[in-house]
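Both complexes below contain chain A, partnered by chain B and then by chain C.
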Partner chain A sequence: MSITALRRLILIGLLLAIGLGLSLASPSFLKLDNLMTLLQEASQTGIVAVGFTLVLITAGIDMSIGAVIAITAMICANFLTYTHIPAFAFIPVALGAGCLVGLFNGFFITRFKLPEFIVTLASRGILAGLALLIAVKDADGFVSNVFIQDPVYLGFGGTVGPFYIITIVFLVLAVLVQFFLKRTRSGTNIYATGANPTAARLSGINTDKTIFAVYMFSGFCASLSSIFLSARMMTAMPEFGIGSEMDVIAAVVIGGTPFTGGIGDIWGTVIGTVFLAMIKNGILKLGISPYIQPIVIGGIIVVVVVVDVWYKGFAERLARNRARRRTAEQDRAAA
Partner chain B sequence: MAENSDASEEVLLDCRKICKSYNGPMVLSDVDFSMKRGEIHALVGENGAGKSTLIKIITGVTGRNSGTMVFEGKEIGHDHSRTGAQGLGIAVIYQELSLIHGMTVAQNMFLTKEPRMPVLGIINIRRMNSLAQAMIDRYGFNLKATDVIDGLSIGQRQTVEILKALNGKASLMIMDEPTSSLTSAESAQLFGIIRQLKADGISVLYISHRMEEVFDLSDRVTVLRDGRLVEVLEKERIHPNEIIRLMIGRCLDEKDSKCVMERKGGEVVLDVHGLSSEGKFSDISLQLHAGEVLGIGGLVGSGRTELVRAIYGIDAHDSGSISFQGKPWTPGVSQSIRGGFGFVPEERRLQGIMGGISITGNIGITNLDSIAGKGFVSDRKELALSRKAVGLLNIKPAEPSLPVGNLSGGNQQKVVVGKWLIRDLRLLIVDEPTVGIDIGAKEEMYQTIARLASEGVSVILVSSDLPELTRLSDRILVLRKGRIVKEFAEGAVTEEDVLRASSGILEGGAA
Partner chain C sequence: MNLTAAKARQLLKDLRLFFVLILLMAVLSVLSPRFLTLGNLSNVLWSVCIIGIMCSGFIYAPITGGIDLSVGSMAALAGIIANVLMNQVGIPWVPALVITLACGMFIGFINGIVTTKFGVPAFIVTMAAKTYLFGIAMLVSNGDMITIMKPKGFLAIGVGKLFGLPIPIYIMVAVIVASHILLKHTVFGRKAIAVGANEVAAKLSGVDPDRTRIMAYVLSATAATVAGIVMASLTQQAYAANAGGYELDVITAVVVGGTSLMGGSGSVAGALIGAVMVGFINNGLNLLNMPSSFHPLVTGVVILLALLLNQGGKMPKFILSMRKRLGDPGK
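Presenting the complex of A and B:
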């Protein structure tokens, strides 16, 4: 069994064990309502995490995702407050804004060879400020909460059968992107760009184009999740999404996509988001102070990374020893 | 002679009067080089003879100043590029540089050329795997198309590189020291592959220091020396001794300045006994006397650098013991520095200097004990120290505040040496001290080493530069595949002797 498959199996086992523990500890955990809410929470992070996973596979990072959620919410709030343009007409504009942010990030990363972290951190600052600037204000100039009444827009927060629409969208997106990653040339190019950019370029891959594409997709995903967020909350605030990078990074890292690039997939991210949502849900169900959440998440990131690094070294030692034994055998056979 | 029949064979690549200089000295002057279709051609020469530059020009990594190149009958212009060369079918087999980890053999072979379904551009994985497997089987490799690169040995990875190039329709494959990290069985396998490529009409340009390989494989050998073409040997004239004679050249015309060595009888400073490190070197025993310059020769990859790194304490060793000044010694960088060791590493830019930091800062960093005795760095003391080093070694420009990255290669190296010289030095380890520095700085470096030795400092000198090694050393140990294969202690030694021992031709009798 490959080391990634084994890791995944362990993660799923852990997920089931925690689920079992929670259902024993709290009778309401296994209720359909709770499970659907849990999945809905997971999807909120998950949609963003799908785009973020692609960025991470290219060995990049996107710190602007949280602020993209905020700016998208504010764009929608403006349309809803000041115009009568129907939701189906302005939502593509809002999603386009996310892509535009990705375009901006990709431009500075590829043309000026700037570090991804700095570029996207700068965009985060710019966008967070811009979101406050364009937020709907009251007569005194203070940010006022927009109460969304548009039925079409609110429909995004709804359900189909027991499932929230966002959950369905998340799963469909995950299936499509996973397939895209593994079964198309463009998907292969993303892995190659992250694993070894020089080799990728030598093989004729346009790594700049690949980088542009993943950042644009990451922006798109963040915008998409923003629409669902404001639809569910029935309001839009300029603080939406700010700080949510933490959850996204945690979910992706738990899922097994490392920061070093070239490795990872969407299934891992799906498991990671459910895992994270279950931990958060469990904290609530067990009646522990919700303020402990970020501490737990931060702790989980550290533990997962430490275990991953150890596990990787262990697996490499195993592989090296095996290769050495094999060559020694061949040498003996040749002699 | 076979020359008449050769003339009718098709010429694949024809380079004429290639000249190249990187700002200043000529690296290649008027070099003619040609390859026929389906031949195995070895390119040999000492370090600095211009082999790699010629390869870089052929593969479009660097441009030429003048001269013409014709490939498959078509003139290659001065806009020749790496991708251009690939498009023409010129492939370089890297050790593993161009493979994507995490992907399978088939995925690597077909990168950007994956077979796709007629609809939606979905990769036809099954077809890709079967195509790849067919090619693997045709060459009889012990590989599966679905093996992931990460689990393969270096030799297997090289095979994948070759397969990838074949899949890219390469007609010329360039292999630069392909066997340097292979086991003997893997090497033998590679030679089989190379012969098979030849049978398929693919030309192989082979660069190696290992004479027996060149001798076994090549149809022709081109010898370069000091950026000039010395001779092109046809098959029947290829003989290791003949090649070495042509490579060295000058040793036959002029007497080396210091070919006669004398054993220095001072006290034993460093005594290494049975030192081994798995996969790097094994059973190394050596003694180093006070004021002695001990040369360590051998090919790149013979374990020279690994050995001195272990002695200095950068890397751990598996077994064996070291004693220093008569007492047992546990290697470790801080102990080494406290004990009076100095280390001038092989890769100056990567390991020797901090390019963006001033001369003062570079020198201060290894002398914090004397400039920051109470925990705070004294700028005054640091500056005084660096002034001393600048003066001692004639570092130019003599401006301690200048970032080291802005100095010339020779002066950068002086800074690296200088930071040790101002200490109470007992033992200096220098690894390839004069690579990439100009002739004047080289001479100064030699004088510095000689002066240190006369002051009683012991020096371990690792070098691929044979004149340098024979001139400076009082004694030379030659490493081959991680073991000491020869010691030249007293009497005359020539560059040829050292090269023979390094290449594994110990009894170099009749040419």
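Presenting the complex of A and C:
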């Protein structure tokens, strides 16, 4: 069994163990309602995490995703408040805004060779400011709450059978992107760009184009999740999504995509998002102070990364020992 | 001869920043008559003190090729820890502040260890630290804004005066000068620059890159703790939500001051001028009645612009020609 497969099995085992513990500790945990809400929360992070995983595979990082969520919500709020344009007409515009942010990030990263995190951190600041700037204001200039009444728009927060629509969209997106990553040439280009950009460029891959594409997709995913978020909350606030990049990073890291690039897949990210959502749900169900949530999320990132490095070293040592034993046996058999 | 020429160039670069600063002041004083009043300038001074103190330590993270995004949360947590130690545990203020500093150093040490020994990108480690430190601050303070009324000695740090000047100014000048000397005139400073410029070469010449980097994060967290103590004493309050946004201000100050985020070069004096500039920009936005949303927007734009002007390599023609006209100190 490969190292990654074993890691994933351990993760699923942990997930089930935590689930079992929570269902014993809190009787309402295993209710269908709660499980569906949990999956819906997971999908909210998950859709963003799918795009983020691609960025991470190219060895980049996108800190602007939270602010993209905010700006998308504000764009939709403006359309809903001041115009009568139907939802299906302006939602593509909102999604396009996310892509545009990716374009901006990609431009500064590829053209000027600036570090990814500082470019996306700067665009995060710019977008968070813009979101407040274009927020719907009342007569005194204070940000006012938008109550969304458009039935088509609110439909995005709805359910099909027991499942929320966002959960279905997330799973479809995950399957499509996983297929794209593993079975298409463009997917292979993403891995190659992250593993060794120079080698990728020398073998004829347009790495700049790949980087543009992943940042645009990341922005698109953040915008998409923002529309579901505001539809479910029935309101849009300029604070939406700010700080949520830590949740996404935590989910992806739990899923086993490293920061070094060239490795990772979507299944890990799916498990990671469910894992994170379950922990957050557990904190809520057990009635622990909500202030502990950032400690847990920040802590998880550090602990998982440290354990991963240790685990990788351990597995490599194990493999080396096994190989040595095998050669010794072969020598003995030969003699 | 070469050395003096290089020194002259560096001086020119710092002075160029100074001219931009004076230009900014001129523009602001034309735009708002309130800008050049004593009351307003002292307001700017407070925020410059906080950012300057943070920069003095923070700068070592980018110099060694890393970054520390946890400085804001660290500062907020420092105020809360100090308050708990002094007013709930009841320790006298001097040992309480020493313990607070030790806590800061410890957190910087953890940041350094995780970054170096486990090969995790610095911005991830410190961003995670920012998140959990904020959580700890919220948990300890219960999310409240705590007003600090005593002890007197502690409050004197922020509001006291010495020879007619506020004490935070002395603290800022002291740490900035110490940081400058540490960077330019000690072995550690040389090592930090060497590690940031070329880790392999530094390692081959006998520098331990990991140890240097860990030290850089300890310095950064310590400076943030000092800034947090000064801030708590100055505002007489400790509040977890004070944390947000300072890291962006500090990065702006350092980048505007000509420090490369790729590692290997940095200027403490430049960072100080950068801090003053950030203070002026923030103050100017307030005076011009800009909504608070303009604050992160302008900061983000300034960071990108400063990086573009610092950066060599692939450049569009208009920036290259602009650099030529401004006089490129790199050539």
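Here are a few things to note about the model shown:
Rule of thumb we're sticking to: the second predicted complex is superposed on the first by the 316 of 335 C-alpha atoms of A that agree within 3 Å, B and C clash if a C-alpha of one lies under 4 Å from a C-alpha of the other, contacts with A are read in each partner's own complex, and residues count from 1 in each chain.
Assume a residue touches a chain if its C-beta (ideal position, glycine included) is under 8 Å from a C-beta of that chain, and two chains touch if they have at least 3 such contacts.
Quick caveat, the model's predicted, so the values are computed rather than measured.
Between chain B and chain C, C contacts the larger number of chain A residues. In the superposed model, A:Pro294 lies in contact with chain C only, and not with chain B. Once the two complexes are overlaid on the shared chain, A:Val306 sits against chain C while remaining clear of chain B.
Using the contact criterion defined above for the overlaid structures, shared-chain residue A:Thr184 touches chain B, although it does not reach chain C. Look at A:Thr83: by the touch rule set out above, it reaches neither chain B nor chain C. Judged by the touch definition given at the top, the superposed model places A:Arg326 against chain B, while chain C stays out of reach. Within the superposed three-chain model, A:Ile263 lies in touch with chain B and out of touch with chain C [touch as defined at top].
In the superposition on chain A, A:Ala192 makes contact with chain B only, not with chain C. Of the two partner chains placed by the overlay, only chain B lies in contact with A:Ser203; chain C stays clear of it. Of the two partner chains placed around the shared chain by superposition, chain C is the only one that A:Arg124 touches, whereas chain B remains out of contact. Comparing the two complexes, no residue of chain A contacts chain B in one case and chain C in the other. Of all residues in chain A, those touching chain B in their complex are 2, 183-185, 188-189, 191-192, 195-196, 198-200, 202-205, 262-263, 319, 322-324, 326-327, 330-331, 333-335. Those residues of chain A whose C-beta lies close enough to touch chain C in the complex are 61, 63, 108, 111-115, 117-119, 121-126, 128-133, 135, 141, 238, 246, 249, 259-260, 289, 291-299, 301-302, 305-306, 309. Remark: chain C residues 67, 114, 118-121, 123-125, 127-136, 138-139, 142-143, 248, 251, 261-262, 291-301, 303-304, 307-308, 311, 313-316 touch chain A in the complex. Within the complex, the chain B residues that touch chain A are 82-83, 86, 97-103, 107, 111-112, 114, 116, 121-123, 125, 148, 150-153, 155, 183-186, 188, 279.
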